[in-house]
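For clarity, chains are labelled A, B and C in written order, and residue numbers in each chain start from 1.
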Amino acid sequence: MSLLVAQGLSKAFGGVHAVEEVSFAVEPGAVVSIIGPNGAGKTTLLNLLCGIYRPSAGRILVEGRDLTGRPPHEFAAAGVARTFQNLQVFFNMTALENVMVGRHRHERRSLAAAMLRPPALAREERAARAEAAELMRFVGLADWLEAPADALPYGALKRLEIARALAARPKVLLLDEPAAGLNPVETQEVNALITRLAARGITVLLVEHNMRLVMGVSDRILVLDYGRKLAEGGAAEVRTDPRVIEAYLGAEEPADAV
Amino acid sequence: MSAEFLQFLLAGLTAGAIYALVALGFTIIYNASHVINFAQGEFVMIGGMATVSLAAAGLPLPAAIAAAVLAAAAVGLALEKFAVEPARGAPVVTLIIITIGASILLRGLATLVWDKKIHALKPFSGDAPIRIGGATLAPQSLWVLGVTLVIVLVLAWFFNRTLLGKALLATSHNRLAAQLVGINVRRVLLVSFGLSAALGAIAGILTAPITFTSWDVGIMLGLKGFAAAILGGLGSGPGAIVGGLALGIVEAMGAGYVSSAYKDAIAFVVLLAVLFFLPGGLLGRGGAERV
Amino acid sequence: MLARLASARTGGLGALIVVLALAPLAFTNNYHYEIAILVALNAVTCVGLNLLIGYAGQISLGHAGFFGLGAYGSAILTARYGWPPLAALVAATAGTALLAYVVGRPILRLKGHYLAMATLGMGIIISIILVTEERFTGGPDGMAVPPFSVAGVALAGERAWYAACAVMLLAAVWLALNLIDSPAGRALRALHGAEIGAQVSGVDAARAKLAVFVLSAVFASVAGSVAAHYAGFITPAKAGFFHSIELVTMVVFGGMASTFGAVAGAAALTLLPQLLTVFKEYEMVMMGAVMMGTMIFMPKGLVPTLAARFGNGRRT
């Protein structure tokens, strides 16, 4: 069964059709990239897939369960995790605590238990801290374990969001422009990270502009333009599809073709 | 229409006109600075109390009124300069506390400058009641309604026909764009506060002969004026007027037909109802910041 | 890391215990005890309010309403219906919690100014009801409250009351600190930090906000019940707008997102009017000036500003 299925997904804001009739399926363990010119509706699509926006039409299925129109925390409970292009970091907490929040769907939420702090909870807290620290090391943030979140540089914050998303032990990870604003070295690190994630069997859906990154990690690529799906296929197919070239790159050859 | 109904209606319109003026003050400041000015009611208080004390000191009434309005406007300018400007861009909680603090400060100063007693102002043109269809109307009510109407017309002219007024409107729509076309936004802010203070003061002076005035008269009037502004739609000038009149009438009808003991609660029940069910208000643009 | 956190928390708690235990040595008459008890009760309310305002990032300008409901609930049930005080306290708290739950759902959908005004309206409506229903509440003059007793033994005398309130305050602080450093607590703080990010991480925003709203109402209600029994009297002013503002000012002055800040703020702003009784007429002017001054010059509040100044950085 496909892990994530979008059927005829549409989202309109007033007269603007940000996403129109987009359908696709993501298989478990795959890395799928979504590309397209600016304004193509990529971020809107991601927002739909994690419940931030409610679709105007269409359905979203996660492991066969219909989650259309449900609030974001239910998508999280179903195993969808996401990072943001415009960071949604909790600057009022430490970096470690940010990652720990990612675990929320696995944790005890009761206020009463929290206030009384029985020994079981104290033990869980210690385990949670250890796990969060481990995740921070996994994404390369070992130097920032003790730091407040507002002390981290931009590139580190993007990785922090990934660590937070991983803390949820997600079934599918939605990454929104993870390489945006990063220099080539940092981009290479993100590339390696996504490869490591894929190797661990985590399904990744990523929105990206950086073609080198996209061509390097993707099993399949989805091309959006004006909210519609323009093309879908492997890296080679998409790269040579004339419609894609025209929509995205114009008539000339792309400068940074891989 | 029964005499009783007419009586309540007239009382409601009179109170409503005062609420409308206070609400206009809120709206003008909110539009210019996105600050909810909790000290708005204190301008009402200053208007009434200053007029009373100046008149008692021997000034002819028109002069006392003019001086009181100017004094209130000056306080408004001071409020903008010393309380609001230093906190530009601060979070909502901060701004709310600042203006609440300002209102407490002003009330404290009022008890020092004046006193804690209730004062009455003589009605502008006597108090021989006018009979209208079985109901009675105090002449002062005609002053309230008449002056409010004149003010509304003057403000409409000001905002639509003068450059300064349009500058205020432009700033309220988009501060950055206004700056970019050369509008002195700082001056717009100062004018907004001064104007709001003057409106509040006038409201206080108009109502002083009817409802009397004292150091703490501003609290309830300010809050009810705010409820009126929300009812009409926060940020809408016509909304402030409609909201004020509507609130005054609902309050009078409620007090008359349902329960006079809970008269003061009516405004707040209306406030909650609007916030829950129609946060944009009757005429508002854009809803509340809902999740 | 864990050790440091534990020591900051237990260190703070330890310091509080020491202060509460040693303070009576400086008291020379009953009046001092009275002030201390007042501080403790305000502090309990503020600790709860701080969870809502400082940690969860919401606002309430009507919390004195909950304080008043707790006070009048206990007062009416014990004075008019002869309930035992402990049962009355539990019932009053439950009633307040229920009201907060019912009213909280629609109110917390609002944000910013609209949320502030809705809580303001709620608080004022509560205080108007308390003034108007004279048959039950004694009206604007208030009503007498029987002493607090458990199984026939009355809590009497300043020392006994001080001990009880000190224990109450310690319990409140302990509970709050535990909450902040827990999954539920982190969820609340995350909501404040970046609401969408928190929701996407699985936090049910509406439910979390409602839970902390009700919890803070419970803190206020219990403090109110105890205050009523201690004073032997309750007036509607305790549920009024001005008291709500005082409470918010205490939280904000002491430092939002700091439990010990809330305690410090309560202490400072309860003591200030007492110190100023000489300048009784200037009380309002000073209060207003303090509020404005703090928010303009020290917007993070006293404790966090001092903590940052002295290089601590660690929030409690």
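The definition used in the following text is that a contact is a pair of C-beta atoms (placed from the backbone, for glycine too) under 8 Å apart; a residue touches a chain by one contact, two chains touch by 3 or more.
Predicted, not measured: the structure shown is a model, and the values here were computed from it.
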item: Reaching subunit B from subunit A through chains that touch each other, fewest steps; value: 2
item: Distance-maximising chain from subunit C - centres being C-alpha averages; value: A
item: Interchain centroid distance [CA atoms averaged], subunit A/subunit B, Å; value: 50
item: Whole-Å gap between the CA centroids of subunit A and subunit C; value: 41
item: Centre-of-Cα separation between subunit C and subunit B, whole angstrom; value: 32
item: Overlap residues in subunit C, where contacts from two or more other chains coincide; value: 205
item: Residues of subunit A touching subunit C in the complex; value: 50-52, 71-73, 75-77, 81-82, 84, 87-93, 96-98, 100-105, 107-111, 113-117, 121, 125-126, 128-129, 145-146, 148, 161, 164, 168
item: For the subunit B and subunit C complex, residues of the former touching the latter; value: 36, 83, 86-87, 90, 92-98, 100-109, 111-112, 219, 223, 226-227, 230, 234, 261-262, 264-265, 268-269, 271-272, 275-276, 279, 288-291
item: Footprint of subunit B on subunit C - complex, ascending; value: 53, 59, 61, 106-107, 109-114, 116-118, 120-122, 124-125, 128-129, 132, 195, 205-206, 241, 245, 248-249, 252, 256, 281-292, 294-296, 299
item: Complex interface listing, subunit C residues touching subunit A; value: 1-2, 175-176, 178-179, 181-187, 189-190, 192-194, 196-205, 211-212, 215, 257, 313
